[in-house]
Amino acid sequence: MKAMKRLTALLLAAVMAFALAACSDQGNQPSSTPSQTPTSSAPSQGPDDTQPSQAGAEFTTIEPGKLLMVTNAAFPPYEMTDDSGNVIGIDPEIAQAIADKLGLELVIDDIDFDAALISVQENRHDVMLAGLSYREDRDLVLDFTDKYATGIQVIIVNEGDDTIAGTNDELQLVDADGNVLEDIQIGVQRGTTGEEYCQSAHGTEHVTSLDNGSLAVQALINGQVDCVVIDNGPAQEYVAANPGLTILKAKYVEEDYCAAVDEGNTALLDAINNALNELIADGTVQRIIDKYITAD
Amino acid sequence: MDLAYHYELWRSMMSSGDLDWWQVFFVRFYQAFLENGRWQQYLRGVGTTLYVTAMALCLGVVLGVLVAVIRTAHDQQRPGRRNFLLGLADLVCRVYVTIIRGTPMMVQILIMGMVIFSSSRNFTMVGALTLGINSGAYVAEIIRGGLMSLDPGQMEAGRSLGLNYIQTMRFIVIPQAFKAILPSLGNEFIVLLKDTSMISVIGGQELIKAARDVINRTYDAMFPLIGSAVIYLILVLIFTWLQGRLERRLRQSDRR
Amino acid sequence: MIDVKDLTKSFGKHLVLNGISEHIHPGEKVVVIGPSGSGKSTFLRCLNLLEEPTSGTITFQGQEITDPKADINAIRRQMGMVFQHFNLFPNMTIRKNITLAPVQTKLMSQAEADEAASALLRRVGLEEKADAYPAQLSGGQKQRIAIVRALAMKPKLMLFDEPTSALDPEMVGEVLEVMKELAQEGMTMVVVTHEMGFAREVGTRVLFMDAGKILEQDEPQAFFAHPKEQRTIEFLSKVL
């Protein structure tokens, strides 16, 4: 499979060898070899920091002095774009705080969620913060930081629709009597854990994957799906913006939100973890979350 | 009439359902295009769309001409005098055209963005490059078709006068073929312009990305999407008009 | 001037020319006639290598043009060719049609070529058409221009491939007139045609081709008066 991939790549590359050079000149293309000069071996010497982060080994970033973060800015309030196209939200602010601690300049790229997962593995980006839930199979290809928020996946339905009552142990949607709803169509965001859970619980034919949460909610409004399974944060926003939708009391599943770096990049992982834990300890993370999600 | 005032006023009344249809229409329109200067986002998107189209067109035409000339020259060799290098170049060109025409645009974009240029963060340029490489294969076939469709007597007349192959192509065959293929080339350009919408899947920041950002902020899909469609349509109509003028101008030379 | 030895040409399995040997001397006006499919056009097109012979040799002024190393472009500059369908360049003015080759092959400067074009156009009475495009001319005018275009290269030999076959009958005369004048000036000519009158009047030799071979040849008077072969007699009885 890998060989096949390389072969195709080679064929295409041969055809456009000259164009390649042109592109990499223009792009601020990073060298993917991690053997660059260590940029900021020591964390920031902020005077008010109780204890500097103890990076065990010196970490490197893809571009010296910069922390390249990738996200999918279609997941309010964790990440979204403002009206000038800048990425804002909980994750960008936490990432900014981490970058400040590490003495790095934060750079954010906004691409599709599944592309973002690949991007960190391919060393195009240093770190991914995208309301990313910890999962064992993701842990095989990525290294996760400690948890910084709890992601609760909820079920959005049309108001007055009481066919769905909650979930059973196998994460199947059930009615009030606990019977599994066989004939149901669930809207999810492509590449999310909700998509995977719903697909394994109900089968792919009962799950409609949309490019982002907005489109999934639009599909629910249009009646193309019966419900949407999505994280609680954005769900609150969607329901607030679209009269006629409601969130079920029963949660779908609870998960840990973590940042992720490429598998094996322990030095960077440790550095980020240290910074993150300091930010959690001093209440910064909670302040950022509260700013976007009004407690209820 | 103060648009912003009415927008705020009617928007707060929207959930109660007391508005006329045109008031709802206004609110959604305002929200999708005018609020906080969102039209600038679309405008930037259009800018990128046109830029990517122009880049891809240049690359596509260069590649297309190159491939078409190599393949035509190879096919028009005098029998028994095959050039090995030309044969090799022809093979490369045929593989290129076959792969590009045999795989979906979307797959090519994903492969370029996630496999080949998996470490480049210049998403828009990668998108333009992909589109250019894709377009090159189609342009090559259009040009080759144009060269083949021309009366072989034109080539014979040029050669019988002692002009060499390249001179005959340059002065006689290509100018005539260009006129013949202009409609197809225009069509390819239009396809290219619309295909730029696909580069948003690898992070290209063009018109559809702007529309999707607005959707994510307003939770309303209809107006940004229909608005984008209208913008594409206007761009295509402008180009079609320009193309028509160019064609009429070229025709003047031979029908008077 | 041209020496053809054992010339054969086949398209795939179809043998079009079957062993032709012929010699054409300077100043001759050779007229090639024969039924359609006899290979006469292919024979003519082999003479300037528009068709690549399958085997055999062609020598032009002592130079073997069928040799792969021969500079075919240089040789073609000395042989003018006139086509059945004129093959003027529709995207250029008449003047440009005529001057393109002499200028591009560095035979003349643009000014010299323009001068030569005007003189040639005057000769065929089409001087006022210099800035017209081919689409604005009649068939007879186009063919006269095509002849002029070939002459602009100052060729030593002119090849005519059925020059009047695509013309309306009333235009045949004006083209043949130009060809006759050319013949009187001493140009060496090879003409594939169905115009028996022209063959009789202008030709110095008539070749009759059938099934890829030259079946018989003679001076025009003798040829038309006393054809020897059965196929020739049949053919002449149909066309005369």
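Chains here go by letter, A, B and C, matching the order in which they are written, and residues are numbered from 1 within each.
Methods note: a contact is a pair of C-beta atoms (placed from the backbone, for glycine too) under 8 Å apart; a residue touches a chain by one contact, two chains touch by 3 or more.
All of these numbers come straight from a predicted model, not from anything done at the bench.
Edges wherever two chains touch, nodes for the chains themselves; is that graph a line, a ring, a star, complete, or other here?
line
Of all the chains shown, whose C-alpha centre falls nearest the centre of every protein C-alpha atom combined?
That would be chain B.
Would you identify the chain whose Cα-based centre sits farthest away from the centre of chain B?
It is C whose centre lies farthest from that of chain B.
Suppose each chain is reduced to the average of its Cα coordinates; what separation in Å results between chain A and chain C?
One centre to the other, that is 78 Å.
Take the average of all CA coordinates in chain B, do the same for chain C, and state the distance between these two points in whole angstrom.
Those two chain centres are 48 Å apart.
Using CA atom averages as chain centres, what separation in Å is found between chain A and chain B?
Centres of chain A and chain B (C-alpha means) sit 33 Å apart.
For chain B, which residues are in contact with chain A within the complex?
Contacts found on chain B: 14-15, 35-38, 40-41, 44, 59, 92, 95-96, 99, 111-123, 125-126, 129, 132-133, 201-203, 205, 210, 212-213, 215-219, 221.
Under the stated contact criterion, what part of chain A meets chain B in this complex?
It is residues 5, 8-9, 11-16, 19-20, 23-24, 26-30, 32, 68, 73-74, 76, 80-85, 109-112, 115, 118-119, 122-125, 211-215, 217-218, 237-238, 241-243 of chain A that touch chain B.
So in the complex, the part of chain B that touches chain C is made up of which residues?
78-81, 151, 153-154, 156-164, 167, 171-172, 175-176, 179, 253-256
Using the touch rule from the top, collect the residues of chain C that touch chain B in their complex.
48-50, 52, 68, 73-74, 76-77, 79-81, 83, 85, 87-91, 100-101, 104-105, 133-136, 149-150, 153
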